[in-house]
Amino acid sequence: MCGIFGIFGHEEAANLTYLGLHALQHRGQESAGIVSSDGQKLHAHREMGLVGEAFSAEKLAKLSGRAAIGQVRYSTAGASKLENAQPFMVEYVGGGLAIAHNGNLVNAERLRRELEEKGAIFQSDSDTEAIIHLTAHSRAASLEEKIADALRRAQGAYSLLFLSEKQLIAVRDSYGFRPLVLGRLKNAYVLASETTALDLIEAELIREIEPGELVVIDKAGLRSSHPFPPTRLGRCIFEHVYFAKPDSMLFGLSVYEVRKKLGMQLAREHPATADLVTAVPDSGVPAAIGYAQVSGIPYDVGLIRSHYVGRTFIEPQQSIRHFGVKLKLSAVRQVLKGKRVVVVDDSIVRGTTSRKIVKMIKAAGASEVHLRISSPPTRWPCYYGIDTPSRQELIASNHSVEEIARYVTADSLGYLSMEGLGEAVQDKSASTFCNACFSGNYLTENFLTKTLSPPETPERSRVVSA
Amino acid sequence: MCGIFGIFGHEEAANLTYLGLHALQHRGQESAGIVSSDGQKLHAHREMGLVGEAFSAEKLAKLSGRAAIGQVRYSTAGASKLENAQPFMVEYVGGGLAIAHNGNLVNAERLRRELEEKGAIFQSDSDTEAIIHLTAHSRAASLEEKIADALRRAQGAYSLLFLSEKQLIAVRDSYGFRPLVLGRLKNAYVLASETTALDLIEAELIREIEPGELVVIDKAGLRSSHPFPPTRLGRCIFEHVYFAKPDSMLFGLSVYEVRKKLGMQLAREHPATADLVTAVPDSGVPAAIGYAQVSGIPYDVGLIRSHYVGRTFIEPQQSIRHFGVKLKLSAVRQVLKGKRVVVVDDSIVRGTTSRKIVKMIKAAGASEVHLRISSPPTRWPCYYGIDTPSRQELIASNHSVEEIARYVTADSLGYLSMEGLGEAVQDKSASTFCNACFSGNYLTENFLTKTLSPPETPERSRVVSA
Amino acid sequence: MCGIFGIFGHEEAANLTYLGLHALQHRGQESAGIVSSDGQKLHAHREMGLVGEAFSAEKLAKLSGRAAIGQVRYSTAGASKLENAQPFMVEYVGGGLAIAHNGNLVNAERLRRELEEKGAIFQSDSDTEAIIHLTAHSRAASLEEKIADALRRAQGAYSLLFLSEKQLIAVRDSYGFRPLVLGRLKNAYVLASETTALDLIEAELIREIEPGELVVIDKAGLRSSHPFPPTRLGRCIFEHVYFAKPDSMLFGLSVYEVRKKLGMQLAREHPATADLVTAVPDSGVPAAIGYAQVSGIPYDVGLIRSHYVGRTFIEPQQSIRHFGVKLKLSAVRQVLKGKRVVVVDDSIVRGTTSRKIVKMIKAAGASEVHLRISSPPTRWPCYYGIDTPSRQELIASNHSVEEIARYVTADSLGYLSMEGLGEAVQDKSASTFCNACFSGNYLTENFLTKTLSPPETPERSRVVSA
Amino acid sequence: MCGIFGIFGHEEAANLTYLGLHALQHRGQESAGIVSSDGQKLHAHREMGLVGEAFSAEKLAKLSGRAAIGQVRYSTAGASKLENAQPFMVEYVGGGLAIAHNGNLVNAERLRRELEEKGAIFQSDSDTEAIIHLTAHSRAASLEEKIADALRRAQGAYSLLFLSEKQLIAVRDSYGFRPLVLGRLKNAYVLASETTALDLIEAELIREIEPGELVVIDKAGLRSSHPFPPTRLGRCIFEHVYFAKPDSMLFGLSVYEVRKKLGMQLAREHPATADLVTAVPDSGVPAAIGYAQVSGIPYDVGLIRSHYVGRTFIEPQQSIRHFGVKLKLSAVRQVLKGKRVVVVDDSIVRGTTSRKIVKMIKAAGASEVHLRISSPPTRWPCYYGIDTPSRQELIASNHSVEEIARYVTADSLGYLSMEGLGEAVQDKSASTFCNACFSGNYLTENFLTKTLSPPETPERSRVVSA
């Protein structure tokens, strides 16, 4: 996952991009980068680490000009290196070009192979580099046509920002997998993955960039086109479930309100007899509050999250025990002791963390732990930009809910149904969202080598007593 | 403020101290340090920054031995330098000696002057250095007697850990201002500012170190004495209100439960007609939940706290606007829009942050903002270890509640009463707590040059309509 | 300028490359990089700074495999950035490929334009990237043929090392501008810019890579071919005058001996009546010794060079004076006082440094300063890899020797003649060397935009009395 | 060893101290520090590393005021830590006080023990801390009297700079072991270990601080006193032999000229039949030139020193061979091949480096290697501030010259005689110098625990054929 931000027409373009990236930091903590344009030339700085670590006042000052784009990138194992940090910046036949990408192409390997056969060289592991090659190879006349040309060949998820010396171009794939919004700050146009970045810099939200839309911003103003064949919508449901920041408006809905409704619906689908409802912080909090309101069981804080577990914290090597989640969460003994506890989390991936949390709550004295998950079982890997493990590692793809409950040592376990999920996002049939991680119904063909077994009939999610 | 941790009799003494300090990180983010003893020699490492930044696996590995003490130190303006980082380690006539201190001496300047007159030299700004000098100057035979000797001359707040080649010594002043607990991990004794550190390393809580107690731990085991003249108790009420971690047991009470009760009482004292209750995260959350439960007004999350504003984040210099609290908190527009909102915070210091928060909530669309503070007005500086500004800067020391409400632009403002506060800590007369920050009733004479005007009659805290 | 090193067939390939680069550090201090091959995969690390700063034991340990290439790069203004650090490493249709380059292409911009027109993208400023593109675009069957194909289109100076998963390939342009030698260490083949790198790792010198030769080293051993059309030789004379390390054998001659002979010839061409001969250290020392031996004037050390002026040393901003060369050189007053001094340096570029040195020697009490330069006037920029300024900045390209002497405040100034230079490198007609920097006789057409005025008739170099 | 610098009365005091320390960098590379006074308050910065690494423009800017002192410190094993970096800065009864020390007290341990018995605490390993304690303990009225009082109790070598808010005080012990000179820059007084620091900042040399002199500089100007009982002189001969920078005037003599004379005398005492004279760079160069001039054997550069072996260069761990001196020196094969070579070095410590150098020269093809040392055999450790190993490790303290020659594999070995050494420093009887490292005639009693066997009759230094 990544967060992207762009601005055109403001004298503090790089400074505002820096702030905008800070607001999007939850979307990626591995690396941060900004490319600015002074109208004649692009200027770049990329570095590993958080936005606040990657940029100093001195480095920002070098990023001159009234237009800029930036990216924060998520840390995925093995590829954490500066070569992969974005925005990429290249020179091509048209001059300088920078690109910031949120999403993932499913035909990246095929494109790469084809491009290499034509003589292209790749300096990163990233699928984004293929997009730049395709753009540079296009015979179309203008940059926007080249980009459209290139992206007609790309399949998968992309919200993209391009910066040339003279233009800022924003594109979103026709499925609309990843978010991208347009705002205005005085005379400047602003683009961001989420509205929280607009709010921070006090920019006004104009609208979403539409799925399949290509927007060009330059001195002449803003013009929009829809150069791609239309498809059904496939907006990522998991952005609402987990990924986006709760204060953002996403796909027209309040993330916070959606999450609270997920919890409300969860309370209806999987009630529990309990003394209190608590959340796995921070992502589980809105759903837990919703669960508490519908169930009438009081909400309380049974788990505290530490603010200080960053990238630099390393467990002592010699140590016999593995501390893991304990370094991040601590249980409030006096709240939990002797209580029947409903714990609300957004999802279960491998099950190992959930198991540790349930055990921690029991060690703090809870008499019963009822785990409630505000989404259906995660059974399928995402090929559209969320970092999920393979089917083998996803506990729900090869275990029943009963088995999972037993593994995580919960007294009961309830997952939200697909219907309940659809309800919360005001799309019962879920025909405008991608829910492949739950259903296996991928919206695109997949050409990645990470092989994919055919979707099994997903068993109905239900409460089980362990 | 600071957090201290010590352990005696464990082969992973430094590693466990590192983990214990991580659990106490909320008590100080400026610097971190550990001194270990291998029985013959002390080994030290101190560095600016968070625990995870200050120590690498390599640095920890050099801290050999079965005993260690550590400290995390709070950043106070002007004195943020390595020379002040603790534990201090010195050589004196008895060999090596390290000290970690939580608290503040009120006669530090006088002691310093006296010591300097005898020829002592000081390398730090810290009052802790005076304690070491006094200890080294004592003619008493044993280290524990030297320490007792020294501390009989010290006035003020101190929870202290001393480490020599052979002994770990813990002391708490007779007022019991600052917390200190004793635990056990297998055959090792553990000491920590708060129980959350014991919980992390899975040590068992034995008891608090008593006010006025001196505990010596060495090969022969643990022995306790009470070498100081008894006084009334003066446990710091502000630890419960704000400073301690909610999952800790403090002075025998659950911090979380106390804070929730403060909010419950606040709802009784200062009810409001409103649509929702929200907290200033994270410290205001338990009180907000308590307020919601008593008032029947639903609790919701109207403000989100960023996890990524650390020491390295610098606002762009050039920028016209000052972002301040906006970099740390963001408002959830959909929750707040058109609502009458009760906002619960633990205290108001200068009023500037509260003003920004109220404005942020109104900008997000709230129709009314009713600010509720889960403690009485903070009118007096603390001389016992909490970093508060001078009377001039404390808004409540020279403004009425009405004036404060107007300044922070709240529609109403209510502070908890002293009685309500006493209720929550099960000490109505508050005779076992120090509440000088609210009442001006200091428990010790004060010799600091930061001059102190005589306590005025505090006006009754009440709700006012602005 | 750059230094390159490669090794094939040694279990400590990366470690030896690290040592070899250290020996070549004088050829470039900006950045250092190593790429190794473990037979299946390439591993890379590049960083700004000296070899010793760029690599830690940990980073070296990750560069596994029995083959490696490395590069040290020179700092040229404006382009000092990690993106330009070498070896470059890319993926292309044939797999992984790394390249280390010493030299400069004169048709780089034209190649770049042509490649961009075909859709190529460039991520660095470097001409080396064009070579990789050409190689990747070639339709030839094998890597060596692709490389030959590519280089047939490249014009200018190049000594190159390529590393694929299975092969190490070395190439030198037909002019032989830049050096490259082949050695053996047990069963491993070693390649290096200079013999000093072979000496350090105790490898045996086999021979030079011949101008126009392409050498492939793999499991099958070493094979050589000459795939490029023959040209006249154009070995860089300036390597002998200034750039190479004195203990190296270069183009079959000892650098030290050549420099000493330059000084001897200089004494014959431009004698002086003086009390002592001194050098501008370190590059002027051998010529000064040669001058002293022929002239019979005693050699002494009148200028001391500081070992501690590195990249990090910054002059205080506030300071009124500019210290410049004084931070690097200091005059030995007792040696110079009251003396008539011959100062030998290798060349004069802008004249500003020479002026400061002459003034420093006079300030130390010298009664006369006779500046002797062990090469002809530097009048033309180098397009083949030496970093020289434009004609406008080269003092000798638009000033007479008399004028230069006056500017640098020397009592007399003498440059070595072209004939004398030829003598020292045993090539009187200089038909096997490139001396374009002195003569303007460039051996290739030049397509660079840095425009070039037609060579004027160089005035005879002679002694002048100022 | 250390270098110290101070200035009083210049608006760029810290900047000039930074430059002065850079000029003294050869005297210590471990740490650098500056303390300035703005008249009211002292400001300090100390850091590990070279001057250029320890200070940034930003850090220098914080060191405000018109007076400053600084120190560069030498790296001695085991004690390389920030706590030992100087200048030390403390608060004592008289206010702030900083101290920079070059030298070593022989009664440091005894003083420390006595001070600890009086209650003093020590935070460093350094003997300098004892001087501050003694100063702070003194009952004398003024700072200068306190310092005199303190130093009457100190035995050993010290050149000291003290800085208070109002005064800069310089002291040199009565033996005059370590150098210290006084200069003037406009209206400012400057103090420095060596004249090279005055030269860099273009200050004028006034005179040496006399042995036993105490100089106070303040608003009222400069006043001098001699508060210590007179002793014989004991100026360190090894400063001239090896330690000082050749362009400095030291104890009234030119270091360069002394070294050259050492080489001249060495040629008379230990002639050789040889083809060339070469030096172990850089310290051996002046003596080698002197040897060449007297012997008539040509001087040439047979060994090249690398500029790039700094603190960060680490030999690869895995490597089978140990490179050691080869990383620093390389042999010029064409100069040495087939030649009978005289190699001049300043001293032999353990013999291991000399052995490697002789072997390197032979490996480069020399037919004979005649090692000449420009000082007598180093047989005794220095207790006055030069870092020498114990007697056990000094090869000359337990081996004959024949044995040493054999060990270092030289064809002959000759050490300069004590008489020859005296000649060069214009003190035949050497009654004004300390030569304890050669003779064992220590000028003070020694109380250090590093035990010292009684001086044996030193065997006459002479040439031997191996």
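Letters are used for the chains, namely A, B, C and D, taken in the order the chains are written, and counting of residues starts over at 1 for each.
FYI, a residue touches a chain if its C-beta (ideal position, glycine included) is under 8 Å from a C-beta of that chain, and two chains touch if they have at least 3 such contacts.
Given the structure is predicted, the values throughout are model-derived calculations rather than measurements.
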Practice item. Please give the intersection of the contact partners of subunit B with those of subunit D. Key: none
Exercise for review: Figure out the least number of contact steps between subunit B and subunit C, where 1 means they touch directly.
Suggested key: 2
Study note, to complete from the structure: The chain whose C-alpha centroid lies farthest from that of subunit D is chain A
Revision key, fill the gap. Note: subunit D sits from subunit C at a C-alpha centroid distance in Å of 37
Revision key, fill the gap. CA centroids of subunit A and subunit C: separation to the nearest Å works out as 49
Review point. So how far apart, in whole Å, are subunit A and subunit D when each is placed at the average of its C-alpha atoms?
Key: 61
Review point. Touching two or more other chains, which residues of subunit D qualify?
Key: none
Revision key, fill the gap. Full set of chain pairs in contact is A-B, A-C, B-D, C-D
Exercise for review: Can you check the complex and tell me which residues of subunit D touch subunit C?
Suggested key: 12, 14-15, 18-19, 22-23, 25-26, 29, 50-53, 56-57, 60-61, 196, 199-200, 202, 245-247, 249, 254, 256-257, 260, 282, 285-286, 289, 293, 298-301, 304, 306-310, 312-314, 316-321, 323, 326-327, 330-335
**Study point:** Residues of subunit C defined as touching subunit A within the complex
**Key:** 82, 88-93, 97, 112-113, 116-123, 132-133, 136-138
